[in-house]
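Each chain carries a letter (A, B and C) given by its place in the written order, and its residues are counted from 1.
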């Protein structure tokens, strides 16, 4: 496995191999497996959990991590073609990435979209322009429309909780947030649940409906796995019989390039804060999922976060474990 | 040993075990002892020496360190309860610390007080609110009123120099500094010398007298160990027969919430700059201690810093060694 | 070998030993060689390639790196003597460097000159003031007038490409750049090619002629090795028969303290952008070298950078490999 870019690119046996490997590495530590091996992280948007979970994954296998967060260090990476670099960018990705590859055994790149163009982001144009330069193993740590490491961790968490695949009811819900977030998390989460063969409902205000290509891709995965994908804006109907409520917040695709209008729109949906009432028709032990960080009192109440439904720390720990499996699969088998 | 939060919480045999272990690890390196193990540092106030000495301690034992310095990365951690996070904090300690714990084998937290309330800081309210969320081994890397790693290092330095415990004369002195520093260092230093059974004098201008609870705690430790604690503002009397002068600077407890008045006050004590004359009645080989960094020409002269009395680099090296002992005790015995 | 400060301080057999060791470590990894050993980097000017290549070198040998970049963390290091530190510097190099040495097995210092005084920079006054405090092995990671790690990497790259020493024609050329860069790279590159016994031409506009002491030192090395050093401002003549064109940009020594005049001067030489035409009289397979980062479209065209002449990634990878050799020579033989 040279690339880990999209869960959709893996077969079910490949997914199962990674999940099994994560469990094995959890039970039987392998602190020498990647001795002397190097991961370089290029984080075009900084992230505590991405950085820490990857550094931890590599360290537990005996390897080392070099972290590059250009924004933190006050520099910007040029990615254009035929550009005259007479301004304030001194590093071009066409050298930076091969240089990182020259020092490393595997790269991890976090390159969210720029909100400049929804169609460009749906085509993953930023991530693609970076990844095509890379000739060593590469892990997608969040692109414009994908987040496969988080989704594999969530898959493992669902397995850990014995939430059924076919027949399991999965609700992906928009939730309130003062800030618009990328489409990467909802798109990846939706696809993961669909691949698992679950009955998936995307619950959101109508203005936050996910783009058609995202839904189409998920429906294709669902139909191959025996699941379904529907959309809904009615909370009670969506939550009926749910095994899992996965809350996220995302930008309105209608106002993708207009943060002011997006902000105004989301201000009208402050009541989309998950509390215990959301679960009244759900399975009794229905679980609450959320990628960290979480805005308490805005997207979810303290009651839910601190109660038994909340599985956010299990999700977090699984993030490290599945990344260990990916790194181990990429580097230790060779 | 799951927590290393306060020297006062250790028995004398526990202190002796750590000091002996530090010497053993110095003589017989153990570069495999913590192979594959992870320390995460949460530094709510950045610090070169804390970071470097902890990273070095972990690396010498074969482990790895993940360092989180939120201020450096431009984010702030929410710690309040029942808070509505609709402002500029996106991470709450109630998730951040369990997530760090999910990735790590041990945490180190540096969380100085906020100068908002002396009584809250004397109760360690900030550090306590963070530490109670942590369910893995935890090291206090400086709280509002404590700094046990530095104090254990200083204890080792006193032992290395064969400064007697009972009968040894220890002067903790305020010294000049343009900036007010926390009470953590003087409180921890005083307590350490008292626990060692020394005759301790706190030398300071009257307005910088340490708070009564700090003195009471130290006097209790002194009386258990056969030592004494007195206060004094007369330099010559304090230094009479001293084995050690430990200089620090700290904020005036009278103006704990008023940096302007504190600054005005300290401007009148610019003559509290340690020079060779301070030692005229001391033991001939009396040592000069100071936690790094040091303001040369302000709190101490170049003569003293560069002369044979200065033990600051020995203190620094011992910081790493005792932290190796603490980490080894917490993780390698299991 | 306790210091690696200047290629000029090494004998030819010492250079050969390091180059051979780099090749050996490339072919036969030694991930346990520096187990439990620590490198501390003090980067007074931040640099991605210096940091990453050193962290990678240390990690591949099983060691760990602590990186200190004071500017990034918002603090400044005092280096003066007899200074009264009542301003905004809290750390003096006279403690910081011994403290780093107390935690580490080897230091790497990047301390470019300050453009305050050409004569002070030619004497390496900043680097010398720091290095003389250090009593453990020390690596120069760029001083005012030197960059020996990069030069040793370039030597290896020339060897890898089988570019002849004696008889090989080496052109070091100034190239356009909106920003003035230090003299370290051209001075070090010139000296390396001279030591290799090559016929070296320094190609530059007259106002960018290198300082006389730099040329004199290189000419001494050239004459010992059977090579020559000439200066030239005529591109075609300089490139005649060249095996290598090494492009860099540097500040005008005439306006060393006057960035405004330097900037105005360099604006007139925008045509010094290396393109394929520069190579018309060169050897058919003549190579293009440049230290990263590179300003595409300004100092060199995309055609050259993306074409077969460009060896910049080989240079980059060799940077890591020769640094592994240096670290291994310093630490693993003992």
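Here, a contact is a pair of C-beta atoms (placed from the backbone, for glycine too) under 8 Å apart; a residue touches a chain by one contact, two chains touch by 3 or more.
Just so it is clear, the structure is predicted and the values come from calculations on it, not from any experiment.
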| item | value |
| --- | --- |
| Chain contact topology (line, ring, star, complete or other) | complete |
| Interface residue identity across copies subunit A, subunit C - same or different by half | different |
| Rounded Å distance, subunit A centre to subunit C centre (Cα mean) | 41 |
| Of all residues in subunit C, the ones touching two or more other chains | 64, 72 |
| In the complex, subunit C residues that touch subunit B | 35-36, 38, 40, 63-64, 66, 68, 72-75, 78, 81-87, 90-92, 94-96, 98-100, 102-104 |
| Residue ranges of subunit B touching subunit C (in the complex, touch as defined) | 29-32, 46, 48-49, 51-53, 55-56, 59-62, 64, 69, 72, 178-179, 292-298, 302, 305-306, 312-313, 316-317, 320 |
